[in-house]
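Residue numbering begins at 1 within each chain, and the chains themselves are lettered A, B, C and D in the order written.
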Amino acid sequence: MRLDNTATGVFVIAPTPFTDAGALDLDSAARMTDAFLEAGANGITLLGVMGEAPKLDAQEALEVTGVVLRRVAGRVPVIVGVSAPGFAAMRALADGAMDAGAAGVMIAPAPGLRGDDAVLAYLRQASAAVGDAPWVLQDYPQLTGVHLSAAMVAALAGEDPRLVMLKAEDHPGLDKLTAIRARLGARLSIMGGNGGIFLPQEVERGADGIMTGYAFPEMLGRVFTLVRAGERDAAHDLFDLHLPLIRYELQPGLGLAVRKHVLMRRGWIASAALRSPGPKLTAETIAEIEVILARLGARDPASRL
Amino acid sequence: MRLDNTATGVFVIAPTPFTDAGALDLDSAARMTDAFLEAGANGITLLGVMGEAPKLDAQEALEVTGVVLRRVAGRVPVIVGVSAPGFAAMRALADGAMDAGAAGVMIAPAPGLRGDDAVLAYLRQASAAVGDAPWVLQDYPQLTGVHLSAAMVAALAGEDPRLVMLKAEDHPGLDKLTAIRARLGARLSIMGGNGGIFLPQEVERGADGIMTGYAFPEMLGRVFTLVRAGERDAAHDLFDLHLPLIRYELQPGLGLAVRKHVLMRRGWIASAALRSPGPKLTAETIAEIEVILARLGARDPASRL
Amino acid sequence: MRLDNTATGVFVIAPTPFTDAGALDLDSAARMTDAFLEAGANGITLLGVMGEAPKLDAQEALEVTGVVLRRVAGRVPVIVGVSAPGFAAMRALADGAMDAGAAGVMIAPAPGLRGDDAVLAYLRQASAAVGDAPWVLQDYPQLTGVHLSAAMVAALAGEDPRLVMLKAEDHPGLDKLTAIRARLGARLSIMGGNGGIFLPQEVERGADGIMTGYAFPEMLGRVFTLVRAGERDAAHDLFDLHLPLIRYELQPGLGLAVRKHVLMRRGWIASAALRSPGPKLTAETIAEIEVILARLGARDPASRL
Amino acid sequence: MRLDNTATGVFVIAPTPFTDAGALDLDSAARMTDAFLEAGANGITLLGVMGEAPKLDAQEALEVTGVVLRRVAGRVPVIVGVSAPGFAAMRALADGAMDAGAAGVMIAPAPGLRGDDAVLAYLRQASAAVGDAPWVLQDYPQLTGVHLSAAMVAALAGEDPRLVMLKAEDHPGLDKLTAIRARLGARLSIMGGNGGIFLPQEVERGADGIMTGYAFPEMLGRVFTLVRAGERDAAHDLFDLHLPLIRYELQPGLGLAVRKHVLMRRGWIASAALRSPGPKLTAETIAEIEVILARLGARDPASRL
């Protein structure tokens, strides 16, 4: 299965599960994969920003990729994040992932690139480095500091048929999403991001789905379907029930720990631990999450733990 | 009236109203002031980050301050933001504002300060520059890039009796708020911020109130009162109705334009224009705001336009 | 006199002299102006980054501009830096400066602009804001964080006849200077910068001169003339004698204090003080400057104090 | 051999040699090592910022370390940079390097750390991660964005006997070097850096030597010896001959390519190539380097190629 521009729906960004001691927890990786599929994921993305990829060595990255791919067994496309400081490492990981059955890879421009020309040159080289893999362009300037205009995305899409998807998470990014959609029509699959905090608006603006690691992916799919069905109020009603948790998960530097806590509470992973260095949740923070979860479960029975 | 550490409740950050042509709109400044007071504001803050202060010249800054102060007529404390690249300008604005009747001034550390010692030295000099004015320390690292630890805030509070309030808007900042409260007890009035997006949690963590420019300040007061009364669920129920708009207002670089649009729709200011350079809302964005406002009004009648 | 693209030679960036107490020192401003002219300056630039412009209020900025302009009395063009957070302030300062006899204004893109399109849009608006003044584009990404490509400079030069000069101080910037010169020919006067640390290379790459505040502007002119005369070795020999001081002046955050110390030692300004907040030189630093000055004076008699 | 606080002299930062095709060039690594030793290096540092470490995979990092260590054969201490996004990778590389015979490891604080407390906590954890290896603290805020005060360095030195050396390359950093020396006496070996551009001043301020990759390490040793012998003028005379090249090597993003070009011209490495992504020198830039080298060779015969 190769990723293409018809991809739609919910692509779940998977965290990398660790034991409390910091070892890879491959059992949890498998269980989590089952849960994502059962939750209706239309695709899974590994080793993204939230996957603690830079803390894995090359072998670990391929190991967790292998476990998830075997578990998915071709039912949905799996995308592997391959951003790396050097193209050699990018190529090695992309080759390994595609050989193991990935449907495509995801690339973000390297931090520190200056000027549109340098950004385009980098992305052309990166595309060459990943061989013949279909690829997702991740537009996440909050992390990279790199700006991609609609014209730049269009230029890349016009010249590189292997570029099939845009993960659109500039912030603010809704007008940019509109501009890119207007320029490119169906040339790219466009996925929203940013933890889902603008999900209904993104879909209304023409996004083909969402790629994020929000800990209740079922809701993402339900909202997507409702918006597409023209049930705007029902979509917003459901989404708004989850907004308190979405907001809480979006705290920079802390959000992944929150998300892993919820996944652990759902029984999808065994430990909420991040690999060191990483934050630990305080008792006060855990108590706040629990209040939010309790309120959510009382209002959206499908999200009751 | 001088600001002191007993301040509590809702301090509204006032925008600076302009005409469509970019001139100061002092009529709107007066009308907006009346509206804030009627909405139950316990204080008003002028020339904050959201007040487009750097786009005003020194005379304009004093002019808008004078209009608001005369309108308030001593009913609530008025705080004036005086952050400036040089201490001379800071002193001049602080003197002018205090002479005109302000209750205190607000200072953020200058961007680019490196290391705790340099930050403390700067704030000591800034405190000296504002003479005998009570002052608010604005902790807003998303804008300044400057980190303030709980220990640094405690050090300043321990040596400077004119430091009476902390505007706590680090992000994430809830555990820091808890730490500062634990260290300082009632020594400082601590106000939350960040557009109110963590209002219930901030008050539950011990904040004395909130200082933000969210366009429905009435809600802020109601939530504050409910939390203080132990009505946690009622507080969250009300707050959650506003979260879609709070989130929409928080988009960096766009948020103030959203906020001014809502204030204009409420009839509190005549024009939603920002002084140039500044963003303009697209038709799509305005439509999204209107959907959010309609949904809010249907669910919180007190917020119906 | 209006600045145009035939400008050549040494444009001295003037500091703003203050008394030890932080007041404007207009006597020193006049004396310094005389000294610059006597040193052979082909132009003078006021209120640049090194002129502590953000620490002046609007009246002070016009005051110091007036003193220098009256002293120059039309003998060389005077350029006034007008970068400001708002276009209203930019327009007011540009109008005041041009009315008082300035030959042009200098504009840097505002920090925080994202993407080539936004940068171009900003600069078009800024050009409109300064009315009919000829203007200098300052390309100084170390300070602004904004990248300007050769294509962007060419686009602006192609559409805006009032853009007559580029202050080229990207770093590294020599290949960019070559690229811009190749694209634009004589359309723009191109001035080097960065304290002069690449002066010979910049002129060899085609720069029309240099705009910097190095404290021995006479040397800048001699090196420029030698390179233009094909005396490469003599040019480098002279330049290399000054490189120890040039390097010492380039320390970020400290350089202006070093430069003012040297200007004070030359008798051109009365006090080396920066307006607060600003660094103070330690005894060790002053001793190092004095060693460098003594060695320079022994080797370049024209630079003996 | 274990690194300790008596280390003195010139520690050469070694680049990682690649073939034009981007493969590790271990022959060059061996030849370069011989050349460094013959040039009088008192130590060698591998996998520093200039060693393109993030572009190596874990095995390559150990491979190049092994080649250099075997070649050095215990004659001087070899330090291995182990900064990494995760402590697991840091530990693995430190263990591997120490097992292979390294004398110590070098650690810089991770980019993005906020506040003195977080920086200290990170460095304590990093020190624990490298087991019982002696370590060098690299203070390089231009790259990391992290500020270390003299008090913070003193705190770490006071509690961690394995911290034996400081690579002091804050900029400006001379007064800080003085302050740290005054506080710590001989507790730490303090090495200057920043390409050597302040070498004489650093040694006069009390540095025990210099750790940098300047392509003529012989000069570094001669200047160090002259300053220590009280021959200040001779030291500066020699140093100033090299300053044009030192300055040229310091261009951010370009400097390593310049340095590798000079090392190739000296015959120490076979190719000047950086591993992709990385800059390529233009013909104009190479011509400028050659002029500088020719002038240097004519004036300092020991540096003639």
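Throughout what follows, a contact is a pair of C-beta atoms (placed from the backbone, for glycine too) under 8 Å apart; a residue touches a chain by one contact, two chains touch by 3 or more.
Note that the structure is a prediction, hence the values are computed from the model and not measured.
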Next item on the list: List every chain that touches both chain C and chain D.
Entry: A, B
Notebook entry, point to check: To get from chain A to chain C along touching chains, fewest steps?
Noted result: 1
Check: What's the call on chain A versus chain B, same or different interface residues, using the half cut on shared numbers?
Finding: same
Next item on the list: Specify the chain most distant from chain A by Cα centroid.
Entry: C
Next item on the list: With contacts defined as at the top, give the pair, A-D or B-D, that has more of them.
Entry: A-D
Margin query: Centroid of chain A to centroid of chain D, CA atoms only: how many Å?
Written below: 38
Next item on the list: Go ahead and note the Å separation of the Cα centroids belonging to chain A and chain B.
Entry: 34
Note to self: Taking the mean of the C-alpha atoms as each chain's centre, how many Å separate chain B from chain D?
What the structure shows: 47
Check: So which stretches of chain D touch two or more other chains?
Finding: none
Note to self: Building nodes from the protein chains and edges from chain pairs that touch, which of line, ring, star, complete or other describes the result?
What the structure shows: complete
Check: Which residues of chain A touch chain D in their complex?
Finding: 22, 52, 54-58, 85-89, 92, 110, 122, 125, 275-277
Notebook entry, point to check: Across the complex, what residues on chain C touch chain A?
Noted result: 114-118, 141, 147-149, 151
Margin query: With touch defined as at the start, can you tell me which chain A residues reach chain B in the complex?
Written below: 171-172, 174-175, 178, 197-198, 201, 204-205, 232-233, 236, 240, 243-244, 247, 251-254, 282, 284-285, 288, 291, 295
